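Can you read through this structure? Questions will come right after.
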Amino acid sequence: MKNTKWYIEETTENEIILHSLKEIIYAGSSPYQRIEVIRTGNMGKCLFLDGKIQSSELDEFIYHEALVHPAMFLSNRPDRVLIAGGGEGATVREVLKHPVSEVIMVDLDEEVVKICKKILPEWNNGAFDDPRVKVIIDDARAYLEKIEDYFDVIIIDLPEPTEGGPSYLLYTKEFYEKIYRALKNDGIMVTQATSTSINNLLVFVSIVRTIKEVFPYVKPYIANIPSFFAPWGFVLASKSINPDRINLKEKLSKFNGFLKFFDYDTYIGMFSLPKYIKEAIKERGVIIRDNSPLSFY
Amino acid sequence: MKNTKWYIEETTENEIILHSLKEIIYAGSSPYQRIEVIRTGNMGKCLFLDGKIQSSELDEFIYHEALVHPAMFLSNRPDRVLIAGGGEGATVREVLKHPVSEVIMVDLDEEVVKICKKILPEWNNGAFDDPRVKVIIDDARAYLEKIEDYFDVIIIDLPEPTEGGPSYLLYTKEFYEKIYRALKNDGIMVTQATSTSINNLLVFVSIVRTIKEVFPYVKPYIANIPSFFAPWGFVLASKSINPDRINLKEKLSKFNGFLKFFDYDTYIGMFSLPKYIKEAIKERGVIIRDNSPLSFY
Amino acid sequence: MKNTKWYIEETTENEIILHSLKEIIYAGSSPYQRIEVIRTGNMGKCLFLDGKIQSSELDEFIYHEALVHPAMFLSNRPDRVLIAGGGEGATVREVLKHPVSEVIMVDLDEEVVKICKKILPEWNNGAFDDPRVKVIIDDARAYLEKIEDYFDVIIIDLPEPTEGGPSYLLYTKEFYEKIYRALKNDGIMVTQATSTSINNLLVFVSIVRTIKEVFPYVKPYIANIPSFFAPWGFVLASKSINPDRINLKEKLSKFNGFLKFFDYDTYIGMFSLPKYIKEAIKERGVIIRDNSPLSFY
Amino acid sequence: MKNTKWYIEETTENEIILHSLKEIIYAGSSPYQRIEVIRTGNMGKCLFLDGKIQSSELDEFIYHEALVHPAMFLSNRPDRVLIAGGGEGATVREVLKHPVSEVIMVDLDEEVVKICKKILPEWNNGAFDDPRVKVIIDDARAYLEKIEDYFDVIIIDLPEPTEGGPSYLLYTKEFYEKIYRALKNDGIMVTQATSTSINNLLVFVSIVRTIKEVFPYVKPYIANIPSFFAPWGFVLASKSINPDRINLKEKLSKFNGFLKFFDYDTYIGMFSLPKYIKEAIKERGVIIRDNSPLSFY
C-alpha cells in the first residue's frame, strides 16, 4: 500500500470505500451534521456530510449538470426556481446558466453554506452574489407550507434520507404533495434519488413509486457519478409536461451556457434505462410516507 | 461497523473497496494469478483474480450481456465466434443465445476454467458441454498467429492489463492487428476496456485510440457494472460495418433468447456517451504498443 | 497488500486492528453476543465475541496461565474454585493443573461453551469431562447471591464491560462485595482487568480502585498478550493473604504441571509495574458502581 | 465508525493497524524514506518513517527511557556516548540526564533530524543545543570504521531492518563487531530489537543470538510500548560488565533526573522475561550476517 492516510466512507452496511487522504481542509460539526472537506488523491477537494461524499472537485459538474439541466430544458419557461438544499452553491451556479428571474435556495444548515462559500468558492462561482438569488436558512418542508402555484422548477438537492439525518422527511409522499402545490401548472420538479446499484435499488424505485402517487408524469434517469462509486438515480416529474413528447435536440444545440457533461447524447443516455431497472421500477418499491419511511441504511 | 469480515480490493492506488465477506468459497493460486471465490454481503458469489473482482453472482449478467450482445446483434451473421479469455464461461453462455455454429474460447489459465466450472456452474450454465464450444488452453495471442479471415465475431474478455499480469500484451496495437487479420471482412470485435471513471480515463481512451489505428469503424460504449464500482468501458470495432447505420430495434424485438440487461433502450443508453468522455476520446489517449505499453496501475 | 481477506476489530474508537483472515470456521450469534471463530494469518484459530478477540490458538496459554496461576499458587490450599465466565474451557484446564477438589464454572452463554467444546477442543483439553468440574449456565452474579464463605479461589474471566454487553455488572463494587462474601477467609480472587495501554488506563485503574474498596490486599499485574495488541491488566485480591509476604520460588520450582508462560521470573515480571502505571493507580480511577458504571468504549 | 480519517500502518504481512487521524502535520520524503508527522486520536503527535510508527507524543518516554537508562545506569562511568540513529532527539535528551561529557549522534537522514527539531521540539527538549552534543549526518557503520576503544555507551536507535530500508546492515554480526571495537573495555551497547510478539519472535531472538556471537555478556529485555502495539525487545551487551551481578536499587534511588517510566521495579520487570521467550532465545534464532540477512517483513 503506497498511501498511508485514508478517508473511510461506509457507503452501505456491506461496502466501505477508502479514499486516499492528502489534506484535511476542514473538519467540524454543525448542529445537524458532521462537515468535512478533504483533499483526496483522485478526486481533489471533496465535501463529506456525516461521512458520506456529497461532491468532489473532479466530478461535481456531472452531478450538478445531471440534476439541474434536464428539468430546466424541459420547462417551458424556467423563470422562478426553488432549490431545496444545495448548500454547496453548485446547483445555483448551474441554474443561473438559464434565463431565470428568481432563485430561492432553502438550506437547513447555515454552517454548510458558509463553509462551502469560504472553502469551495469554485463550487458556487459567485452565484451567491447574483441579485436574483436568495438564500433562506430553513427546513425546506417548513418553507414550502406557505407556497402555492409559484415555482416553474423545483430542484431537490439533499443528502440521502438516512435515519436520524436531517433529510428524513424530504422523501415522503406528503413532502411531494407540498412540492406539487408549490409548482405552477406546467411546473417541473427533480430530485436526486440515491444509488441505483443492483443491490440497493429499493430506495430508488420507492422514490419513483412515491412520486408517481403524486405526479402524472414521472421520468427516472441515471447518471454515473464516479465519486459516488455507483450509477446515480434522479427523478423528474411534472404536472402537465410529458418529457417523452419533447425533443431537446434543437434547444440544446442553441444553448450558450458552457456545459461539460450535459449535451443531447448525454440526455438520451441518461433517460435510456437498462432493462432490469425498468422492470424493478414496474414491479418493486414501496410508497414512502411520513409515518412509514423506508428503513434506509 | 456491523460486519467484521471484509475482502479488501485495491482498485487503484488511491481507492480501496471493502466488500463484506460472508464465506471463503475458494482461495488458491494458478501459475498465472491468485484465484479467489468469495461470497460477499451484497454481491453474492464473486470471482477475484489477483485481488480484483472479475464478476459477481448479482450482476455478472450486466457485464456479460453488455460485452457480448452489441457485437453479436450488429454482426450480419454471428456464426463463428472467438472468445479470448472468458474463463468463467458466462461469455460463452451469452454467445450461445445466438445462432452460432462454432465458438472457440482461448484462455491461458486452465485453473480458472476448472474452478469456475466446478464452483460457479450458474455462470456457464452448461455452455462448456455444448458441442459447438471448444476450449483451448493457450495464450490468445499465440493462438491468433495461425488464424486468418475466419471469425465473424471476436470477443476479448480479459483482466485489466496490469503490469506483470497475464493480459499485458493483449491490449496493444500489434494484438489488434492480429484480431483484424483473424476476422472476416464483415467481422466485428469487441473488448472490455477498463473503467471510465473521470480520474482514470486515460486507459480507456488509449484503448479506443489504439483500436482506431487498426479498424475503420470504432464505437466505444459504457455500461454500469455495480460490482466494479465504476462505469465500465467497452470498445466495438469492425472492418466494414458502421454501427451508426444500423437500427437494432426490430432485430432486438424479435430476439427470443432471455436477456435481463440488454434491450433496445439499454443499447441506446450504452452508446450515448457523456460530453466530457466524447471530448476525452477526441483529445487524449496514447497508442499502446508492445514496446510502449501504458503504465497501468 | 498481499492479503485480501481481513477480520476488522475495532479495539477502541481510535484504533482498529486488521487480522488477515484465512478461514471462517464459525460465524453465528447467541442471545447474548455475536460469536465468531476465525483462522487468522498470524494467530491461528481465534475466538471473537461481539467483534473483540477473546483468545487465540497461538497465545491463549499466556492469557490463561497469567490469569490462573498467580492466584492458585498464592492460595494456601486451592481446593474449591469458582470460574465466572471462562466459556472456552482453557481457564478450567489451567485450574485442573492444581490439586483442586471442585471447580464450578458459571457462564451465561451456553452457545459459547458448546461451540468452544466442539470447535476449539484444544482449548479445554478434556477439562469439561473431569468429574471435579461442574458447568452452570447462569449469570455469575445471580449464582453468587446464594454463596457464602465457600470458595478458595474465584477467577473472573469475562469479556470487557462494554455498554449493553453481557458483562456490564460484573465489574462493579457491588459485584466484588458478593465475591468477598463467597470467598473463604483466606480466599483469593483474580479478574482480568482490560488493557493497560497508556491511552486507555482509566478502566484498569478504576477496576483496581473499586476492588480496593472491598478487599484489604489488592495487587494489580500485567502480562503481554500479543493477540490483544496491548499489555493486559489483571487484579488479584485477598481477604487475608498479602502477596508481598509470599515467596513463590520454591513452590514454583516443585510444580509439575506443564506450563509454557508462567515461571518464577514471569511472576516477578508481571508484578513489577512501570512507574507511570503505579502512579496512575495511586492518583487516578473512579469507583465503579452498579448505578454509575464507567462509560467504556 | 465514528472516525472517518485514518492512518493505515501495515505492521506485518498479517496485521494492519488503523490509527484515527486528526491532523497531517507533515508529509514528505527524504532520499532515504517517507517521513510523516501525524496527530492521531489516541497517541497525539506521531512520527512515521516509511509508514511505520517511530514514536508518539504519548508514550515516546517509555521507548526512550527503556532504551537509554539500563545501559547508562549499568555503565561504570557513562561519559562518552554514541547514538546511532535517534533522529528525533529524544534519545539524546535521556542521555543528557546522566553526567556525560560527550554525546555523538550519527544519523543518516538529515531531513528527519531537521523535521523533528522543527515540528517535535518536545522530543529533543533543547538537547541539540547542548554543547556536549554533536550531530553527524552519516551512515553509522561508516562512522564506526574509524573508531576504536572510545565510547562508554553505544545506543543503537534505528528503524527495523526492513529489506531495502536504510537500516539493513546495522543489525548484522559484522556491525556488532565494529561496535565491540569502538567500545572501551567496560563499555556497554544497547539496541532496540523489534517486536517480541509470539508470532514474530524470530527477528528478536536472532538479534540476541547474533550479539552473543560477539559479546560475552548479553541481556535481552522487553518493554511495552503501547503505540507499537506489541511488547518491544531490546538487547544490552557488554565486554566485561555482567548485569546480573549489579544491583541498581541504590543508584536509582539517588538519581535526580526526572523519569516517568523507569525505576527499580520497572528495571526488574523489563529483565524478567516470560518462560516461552527465554526458551525461544535458547533454542531458536539465526546469526544475521552481511551476506545472509534475515528476510524481515
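All chains are identified by letter, namely A, B, C and D, in their written order; residue positions are counted from 1 within each chain.
FYI, a contact is a pair of C-beta atoms (placed from the backbone, for glycine too) under 8 Å apart; a residue touches a chain by one contact, two chains touch by 3 or more.
Since the structure is predicted, the reported quantities are computational estimates derived from the model, not experimental observations.
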Same-residue or different-residue interface between subunit B and subunit C, half as cut-off: same
Computed distance of Cα centres, subunit B from subunit A, in Å: 33
Length of the line joining the C-alpha centres of subunit B and subunit D, rounded to whole Å: 53
Intercentroid distance (Cα basis), subunit C paired with subunit B, Å: 55
Contacts with two or more other chains, residues of subunit D listed in rising order: 1, 3, 6, 10
Full enumeration of touching chain pairs: A-B, A-D, B-C, C-D
Subunit A - residues contacting subunit D, complex: 1, 3-10, 21, 23-24, 27, 34, 36, 38, 48, 51
Of all residues in subunit D, those that touch subunit C in their complex: 1-3, 6, 10, 12-20, 40-43, 58-59, 61-62, 196-200, 222-224, 226, 229-231, 259-263, 265-266, 268-276, 278
